[in-house]
């Protein structure tokens, strides 16, 4: 394979990895906020994709203009998810939340199938189509837009978490909800906020993925598993780790698959994850301190 | 068994009624379709029963149960459709294959905890799926293996419909009986303790790693059996049999039915296999209704339907089973062979930059009560953890009855004859006070027996309970013995924990703040019991904040200040020691 | 006993039950603005339960009033917003947040006042300035304690509740901490201090209450108790 | 909980009432959820259209029963279908492993299954109650391979297939066909259903020196591969499997991206070609508001043939089976006649996109290609 192809594949992997990173960030947000895995997270990504498809039908605008409205609608879905599938089970072991979110995922998946049908759908293009060529590779504008939008959203996410009072409060609730309440922070509201933000990120990822890779009702579980792997590789509960983990997963999917073969890449990813777990059970980048099991 | 006797065995009557109702429905009320759903529910019931060992009883979120199911199904499909082998051969092999796979991965995987364990098992399952999809010569690839015939044992073929449903449910019945025998009584208590209170379990000498290993293999065995039956029921085994949705169904059934009850596995499987069928009338949206129903079930009965029914049944029963007559322990208290039941030699422990215990040398003589005092943060708890194996010292040695146990895990130290209580009482909340103590009685004779995954008779637990009543009464807990631990007030919990530790007849009994939450009268009674135990030869190391209480019972008092032993001597001497007063009242500014 | 109109914190017949066992028995006391009230007693005596009950972190019965307004129906977050601040046992600094974030998160106010408050806390604990970017979990015990107290001060509370603040502090650091509480009280805060480090607590307190098994056994001006010769007996029996 | 009980009671009412009147039942047992729902929905629509057209005054009844994704679920769905009285034929799943599970049960119940599944093995196991109205893999894959070799004049094949039943069955048939035709497969790679980026596989195909790209992928992945090949300017002609002829696949792509792409199918109703097919396509568009594909047409034809048997007086499933096995039927897509094993369809078409529109033109028709039997 020539250098141009390698460059091309690296570019593709980066674009895919950036979209996965948004998925993983939302996933890790809920883990940090409530200490439980949201099994419906992949289905939220799928829902975001279909919402983008529907929005583009109503208003045929570039995806970038649809994005703000999508974020709002998805955030509302996240609040509902948190209120229905988490709050009633807040005092139960995390496995109860696993199952409640599995149930919500089933509803989302079949709801999408009933509303939109089973056919894969293409979301709206983010920007005007086109590409630049250079160094033997084609840099698709959509993929570049995916990278840019992901970076902006991940950056905004980071900014909110680290630079705003809202973000600090969210992280304080995640670290020690009781202490946060003693500081005057409404823990329930912030937990719902975490679900809202996670769903919004998932929806954004859904929009970004839907144009290039299409969206089908059944793809949620696969995306959830990828996010799960990314989050554990990156160190349970670490924001930066989740992003790097997502890039790692995408690199396997594209680069290792190109080097060897797709099924082999999949098997090797499994092996790599196991190796990481056995050698460094706290993840490649370590686990956040003071996590709640 | 008399009618009253049947009522006494809590699960027997409803289970019997349930089985009869199920049988009547299958035999008279069900058409082929209903029998199919019933049979499918049966295979899942077996799968979930297996899953309960690892997920329910030991609380480890394995995501490999679906893979075990798939491996069993593929083993049956390959053996019976390729080689036409008899059920009597293919079935045991189908159980063996996942068990062997589990045994291979167990050592590294079981070291991992919580979500790391979950992900490792998930990734292994994904790996199995990739292998099944791509090793086409063996597995038929994505097309799978068709032509798995009906169950055939010798000349006897089990026909589709009622015979197969009966066959599956006989297997469910046998599996349930075995599962129940494995996890009821003392073993069940031991698993509950390992799951909910791992520290207390280690203090009782229970080996968590060993138990998890066994549970993982058992779950694989049940998964393989369920997969084998599934193969015969479907006639085709394709990768869908090993894909993630199988695992998701299993987990959902276990949570909705009940994590650690055999009946929960059956109820969960029956309900979730039938739910989508009930909603078929909604046609294209029936799975949305199914999801909503599953969500409602987990919200309304978060501890599982089995427990919901159990509570309702408990409320219906007006009388409670008679408890066994208290009996004195048959074994004599252990005697230390050397003068020091427990000895610390220059033991040190540091956390980060802080030295919590700093070169402490201390002997606990057999038959002596040694009090440990010191302000909060002075290192008492760390010292106790070092002495009982709950923390490994950074320097120095620890010996029990003259034998070096430095660095041994807590359960091994406990097995040498060290018992302890915890500052925050560490009881199995869902068990009665009596059973909490009975577990210690059962664990005294061979704690390894409780977690070796072999069926046990009923007798053991009855004898343990009888003895536990004696211990509990001795520690003033007679009137609370039937109550669940979580319903007990703090003082009663302390006493149950003390009784539990004492019931192990230890060489060394280590008590961490046993007096907290006790009334004056209770403390007096406790002091009396401790003196008796000491007279029997037990060495007692006791830390408490109530110095009045300590000085009254101690033979010697040791005072810690910031990790160092600042005083050791008779209560009178220590009481007036300036170093002790300084340690307690704080250094003047 | 009518507490209406009293300034500061007034507790009346506070009782805390843990599953049938009384950790605090019908306990009443007041803390006026500018006053430091020490709550003394061995561990397990009920000091911690009382302080947590006042903050709303454990359910209790009885009346809790701040400047004459009843608080007991509010959750902890609402009590915090009404002027209560809490320094918990074990500090409970948010490990994943930096020191600056730990402090800022407590100031539920606009940016400008928040910055001013931060400056004031730094002025009180100059050692924190160099640590502002450090994560909570990397701090030593003493540093964490400074953060925990600083965090409470960021709320500009009218009532400061402290649960064993000197625990695990080196003597010199503990002394500084106590000194600081005096400064705070002088600026008008009501301070309720649960402490087992008796002498330094008495040195700064205006009033002292000794608790044993959940009940008040002695309530006297602090100076009086500090003079008493039987101080050791109170704890060592 | 009360809702659940209410749902049980409500859903059992139709069961109880059903036995009162006895319409002729043609249940539709196909995947309408899960990863095969797209193909299953085409089947369902085709069958529904056929049943709704009626049978000259006969009272027909149907019921959609989802087979989801597993063989086990398919068996349960079939058992549910067969639990009603008067079931004369079943529109059965496109998914091979599900068919393999259902066939012995149908054989035992003596009810014919009318399917469009391509899996070769279905009709090689000696079952007498399976009727396949879509050309089997050996037929369509041979057509696909012949088009590559004979019309496109290519001989160095890169073959990408899905690691699913559809992909692996098709790969086997393609491999055999290319071997027969003397073309060499220079690159072959299996792709999982969740794979998002096709670039690695395409790049390898190119560097292996292939002169044609042959796809045996599902709808979404086919579109992805075509789209990425266009973006990469791969420059290879693409001859894809039947998923490419589905209008929902073409809808994912820009017409320009489709230039030079061909696909096999049993028929291409969206393209039309014969009056019968155009009439079917018009009726389908009117009823469902979407474009029909070859699966829908084949399932429609199969059900129409069964209904023709009813119109001719067949009142037992055995009689319907006999009619299907012995008679010929002029359907919308082609004329059907059993080869003795239940293979009813023997024609295949190749359609190609011209880069101007999303509707392909008919490039080649392989009527009853030799070597298919």
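Every chain is named by a letter (A, B, C and D) in the order it is written, and numbering of its residues begins at 1.
In the analysis below, a contact is a pair of C-beta atoms (placed from the backbone, for glycine too) under 8 Å apart; a residue touches a chain by one contact, two chains touch by 3 or more.
From a predicted model like this one, the values you see are computed outputs, not experimental measurements.
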*Go through A-C and B-D and name the pair with more C-beta contacts between its chains.*
B-D
*Averaging only over C-alpha atoms, locate the centres of subunit C and subunit D and give their separation in whole Å.*
74
*Taking each chain's centre as the mean position of its Cα atoms, how many Å separate subunit A from subunit C?*
42
*Taking each chain's centre as its mean C-alpha position, how far apart are subunit B and subunit D in Å?*
52
*asked:* On a C-alpha centroid basis, what's the spacing between subunit B and subunit C, in Å?
replied: 40
*asked:* Can you list every residue of subunit A that touches 2 or more other chains, as numbers and ranges?
replied: 109-110, 113, 263, 266
*Give the residues of subunit B that touch two or more other chains, as numbers and ranges in rising order.*
130, 133-134, 245, 284, 287
*Could you check subunit D for residues that touch two or more other chains and list them?*
32-33, 163, 190, 192
_Chains that touch, pairwise_ = A-B, A-C, A-D, B-C, B-D
*asked:* Quick check: in the complex, which residue numbers of subunit B touch subunit A?
replied: 55, 61, 108, 111-116, 119-120, 122-124, 126-127, 130-131, 133-134, 244-245, 248, 251-252, 255-256, 259, 284-285, 287-288, 290-292, 294-295, 298-299, 302-303
*Interfacial residue positions of subunit D with respect to subunit A in the complex*: 32-35, 37-38, 40-41, 163, 189-197, 199-201, 203-204, 206-207, 219-220, 223-224, 231-233, 246, 248-249, 251-252
*Mind pulling up the subunit B residues that touch subunit D in the complex?*
31-34, 36-37, 40, 130, 133-134, 136, 141-144, 146-147, 160, 230, 233-238, 240-241, 243, 245, 275, 277-281, 283-284, 286-287, 289, 293, 296-297, 300
_Interfacial residue positions of subunit D with respect to subunit B in the complex_ = 1, 3-4, 7-8, 10-11, 14, 32-33, 64-66, 69-72, 75-76, 79-80, 82-83, 96-98, 100-101, 104-105, 108, 119, 121, 125, 162-169, 190, 192
*Footprint of subunit C on subunit A - complex, ascending*: 162, 165, 168-169, 171-172, 174-176, 178-187, 288-290
